[in-house]
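Chain nomenclature is as follows: A, B and C, assigned in order of appearance, with residue numbering initiated at 1 for each chain independently.
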Amino acid sequence: MNKEPILKIEDLCVDFKTRTGSVRVLHHINLSVKAGESIGIVGESGCGKSMTALATMQLIPTPPGLISEGSVLLKGDDLLKLNEIQMRDVRGNEISMIFQEPMTSLNPVFKIGMQISENIIRHQGKTKKEAQELSVAMMRAVKIPGAARLIKRYPHELSGGMRQRVMIAMALSCQPSVLIADEPTTALDVTVQAQIFDLLRDVQQDMGTAIILITHDMGVIAENTQRVVVMYAGHKFEEGPVDEIIHHPKHPYTRGLIRCTPHLKKNMEHEREELSEIPGIVPDLSRLDGLCPFRPRCSEKRRQCDEQMPQEIQTGDGHFVCCWAAGEDQ
Amino acid sequence: MADDVKMNEIAAPSRRFLEAWYMFASNKAALLGLGLGILIAGVTIFGPMIYPTDPFEMVGAPMSPPGEELLLGTDFLGRDILAGIVYGARTTVLVGFAATFFTLVIGILIGVLAGFYGGWVENLLMRVTEFFQVLPALLLAMVLVALFSPSLYTIIFAIGVVSWTPVARLTRAEFLKIKEREFVMAERAIGATNWSIMWKVMLPNAAPPLIVAATLGVGVAILFEAALSFLGLGDPNAFSWGYMIGASRDFIWDTWWAVTFPGLAIFVTVLSISLIGDGLNDALNPKLRLVK
Amino acid sequence: MKFFYSLIKKVSYSLLLLLAVIVLNFLLLHIAPGDPVETLVAEMGGATPELIAQLRSDYGLDKSFPHQLLNYILRMAKGDLGMSFTYDQPVVKLIMGRLAATMILVLTALMLAVFLGTILGIMAAQKPKSFFSGFVTLISLAGYSAPVFWTGIMLLILFSYLVPIFPSFGMYEVGSSGNMLSYFLDVLHHLVLPALTLASIYLAVYSRIARASMMDVLGSDYIRTARSKGLSERVVVYKHALKNAVLPVITMAGLQFSQLIAGAVVVETVFSWPGMGQMAFEAILRRDHTLLLGILFFSTLIVIVVNLLTDMSYRLLDPRIK
């Protein structure tokens, strides 16, 4: 497992221009993923997890958005140095993405077959007929029953779970190195959720794809990834192997997240409280002051928290955390 | 988002009004419209006192170009164009507002009944609405005015009859939305009568989009009046801009000013109303505000 | 099968609408002061009471109200819209003679407005804060606010008088003879100004709708998906977004077709275009109510047919509706 990372995000900063000035929505994000590995990005809505994904794909609407610092290295090449035309060859080909809402993520007026084969034609220069055949094969690979028949259907004729399978077939149709799955099952039934994750695991084993799974659900992270990155208000708070994070979370926010997840709570040491929630709400990004953004909600706030933003420190093998409280425990 | 809407509901009417005004006042196009509107209102009210020339009277040589004898010239009968524009404003504004009022009365009545009662009442009324939508509005207005002989009353009546359908549909749609809201349920729970829920509770809450529709409706009514007068179906006793253009239609090569200036007057008037309407729409519709 | 069923339903509803139009026509004839016989008698310069009674029974005016209504409906159903006393010809024959001219004008204007309006709207939506987008909004406001007959007259003054490149009236040169092509080009030459005039208002409406709906579509999830596939901006906008964005434009075009027909009345009058609208204007001048109502009926009939067609084409474009 000590391979070089296939995708490496370094020091990524994203700013959005608003009427009242520039707002930083991502603060120096670092993360990496190796071939065949699954990493999770977790946090409440608005924490910057989807923004990280869109920035990686360079799909942030510019303006008002702007990637102001950092680099996104795919197999060592900085994607941020590519122009839009070059970047289009990466999207859907080297890095693919599936989205939260299978209901609205497929174009309602085009047939499913066309929407999958479009990707294949675009990146592999196949003919329409070849692409159709590959699409059917791809749909079979993601276990869509009656694939040959379904390519002539429109998205509204399929269930949510089937549509998400179509999205996955589309995303994987060019054997990408990296697949970003942004809350892929949030809109689906619980039973369907499990099927989709099983499917993702299977194709990952077959193709060796690296998966970045974005979710707000610690439980999903625990079951489906090897490493996890915890984000809050555009900051990375903690990163580490999943088992380590779940059993020994260092950041108060991570602890809060785990405490909110019913079947994970028991894993935590010395934890006898009732299932709880984190008090307060995610802060307004335009009102951040350069100190720890979790400060107002934090139950373990210290004097330093009001003075300086903590630096990221390493607390174990591949375990990083960004908190004064965690530093004191050392 | 949901919280915002609730806040708006709770906020005192005066604050809501103030907010809307600030929104409106920050819109340059809307302010331009308002300025033009005030100018036109001024001409309508004070114009004939300041410029008392009779528009029906021959006051100069026929077909004299602008600036020669009179500021805007004369038509083929030697009538003063400027006087026509000054007097015509009254007809235009009168018909515009009266017809819009009539349109609103029919449209709101039908929309309220359909939206409130639902069921077969709604079905029937909406079918009637669809029927009126199929009829070519201007043609029907022409038929009505022609059959009942042209006068300001028949013109106002005809415009009302042909243009109420959008108001009815809008009112119904708003009522369907409002019907499910908590405060309507609350009124029902305390035993308010249908009548008072319809008119005193729901209608005021449906007001913002209706105000916008009414504003834009004045512009539409003015265009209808102009077209009818242009086609010779205007009130023969009331001087109107459309009539001036229709009368000089055969002389456009010789007296371009006799058709250009009255048309410009209609254009500026309707434009001012459209700008005000758009501004009101942005100011009164918080959802749209978010989109922009 | 479902498609067939809904077609039957639509057609029967359309027939019901048509019946309602006939009843409306009948009511208008009855409520309006003066009946056909009085008008006729006035035309003849007076008549004896016996002759008047004779005429009344000829016209069926001595029958009861429901009886007359039934007769009227039956006559209309047979395609008999009555006689125009000013032209001394059946109304149907008169209208048929003018139908082609009106349809050429209206359909050209419709295509022009939908096509140009959509293009302008899309271009404006791609850069919503640009100068061009503001320009489209301005054009749209202006087109909407100018009375259509005035727009027509202004175009006449500009392009037929000051810069005489287009003819000022009619549909073809009187007395011109030649092959089909030269006839076609002649009509096209005459068509430019009236079609532009009629299109101007609706161009404004459609570009506005296209702009709003395109902006809506461009923000949707499936456009993000299309971009994430690495498709070029051209494919994203003109393939993925356009087919969705054009749907509201088509709905509006169908809904507003009745207004387009009505607008043709004014435009035909301005440009002396020999269509139904111009005949309606003449019917008003001559107080020929039978002809006027015949034109109202026929125009409505066209609108109903076009609405049916729009509905069907919408079903073809949007697979969600069955």
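Operating definition for what follows: contacts are C-beta pairs under 8 Å (C-beta built on N, C-alpha and C of every residue); 3 or more make two chains touch, one makes a residue touch a chain.
Owing to the predicted nature of the structure, the values given are computational and were not obtained by experimental measurement.
S.K.: Would you pick out the chains that touch chain A and also touch chain C?
M.R.: Common neighbours, chain A/chain C: none found.
S.K.: Please indicate which chain is farthest from chain C, where distance is taken between mean Cα coordinates of the chains.
M.R.: A
S.K.: Can you work out the whole-Å distance between the CA centroids of chain A and chain B?
M.R.: Measuring from centre to centre gives 53 Å for this pair.
S.K.: Roughly how far is chain B from chain C, centre to centre by C-alpha average, rounded to an integer in Å?
M.R.: Between these chains, centre-to-centre, one finds 23 Å.
S.K.: Considering chain C alone, which of its residues make contact with at least two other chains?
M.R.: Where chain C is concerned, no single residue meets two or more other chains.
S.K.: Return the residues of chain B touching two or more other chains; collapse runs of consecutive numbers into ranges.
M.R.: Residues of chain B touching two or more partner chains: there are none.
S.K.: Quick one: which bits of chain C touch chain A in the complex? Just the residue numbers, please.
M.R.: Touch list, chain C to chain A: 220-222, 224-232, 240, 243-244, 317-320.
S.K.: Would you pull the chain A residues touching chain C in the complex into a rising list?
M.R.: It is residues 57, 59, 87-93, 96-97, 99, 101, 104-110, 118-119, 122-123, 154, 156, 167, 170 of chain A that touch chain C.
S.K.: What residues of chain B sit close enough to touch chain C in their complex?
M.R.: 130-131, 133-140, 142-144, 146-149, 219, 223, 226-227, 230-233, 242, 245-246, 249, 252-253, 256, 259-260, 263, 266-267, 270-271, 273-275, 278
S.K.: Provide the residue numbers of chain C that touch chain B in the complex, in ascending order.
M.R.: Touch residues, chain C against chain B: 17, 20-21, 24, 28, 31-33, 141-142, 144-150, 153-154, 156-157, 161, 255, 258-259, 261-263, 265-266, 269-270, 280-281, 284-285, 287, 289, 292-293, 295-296, 299-300, 303-304, 307.
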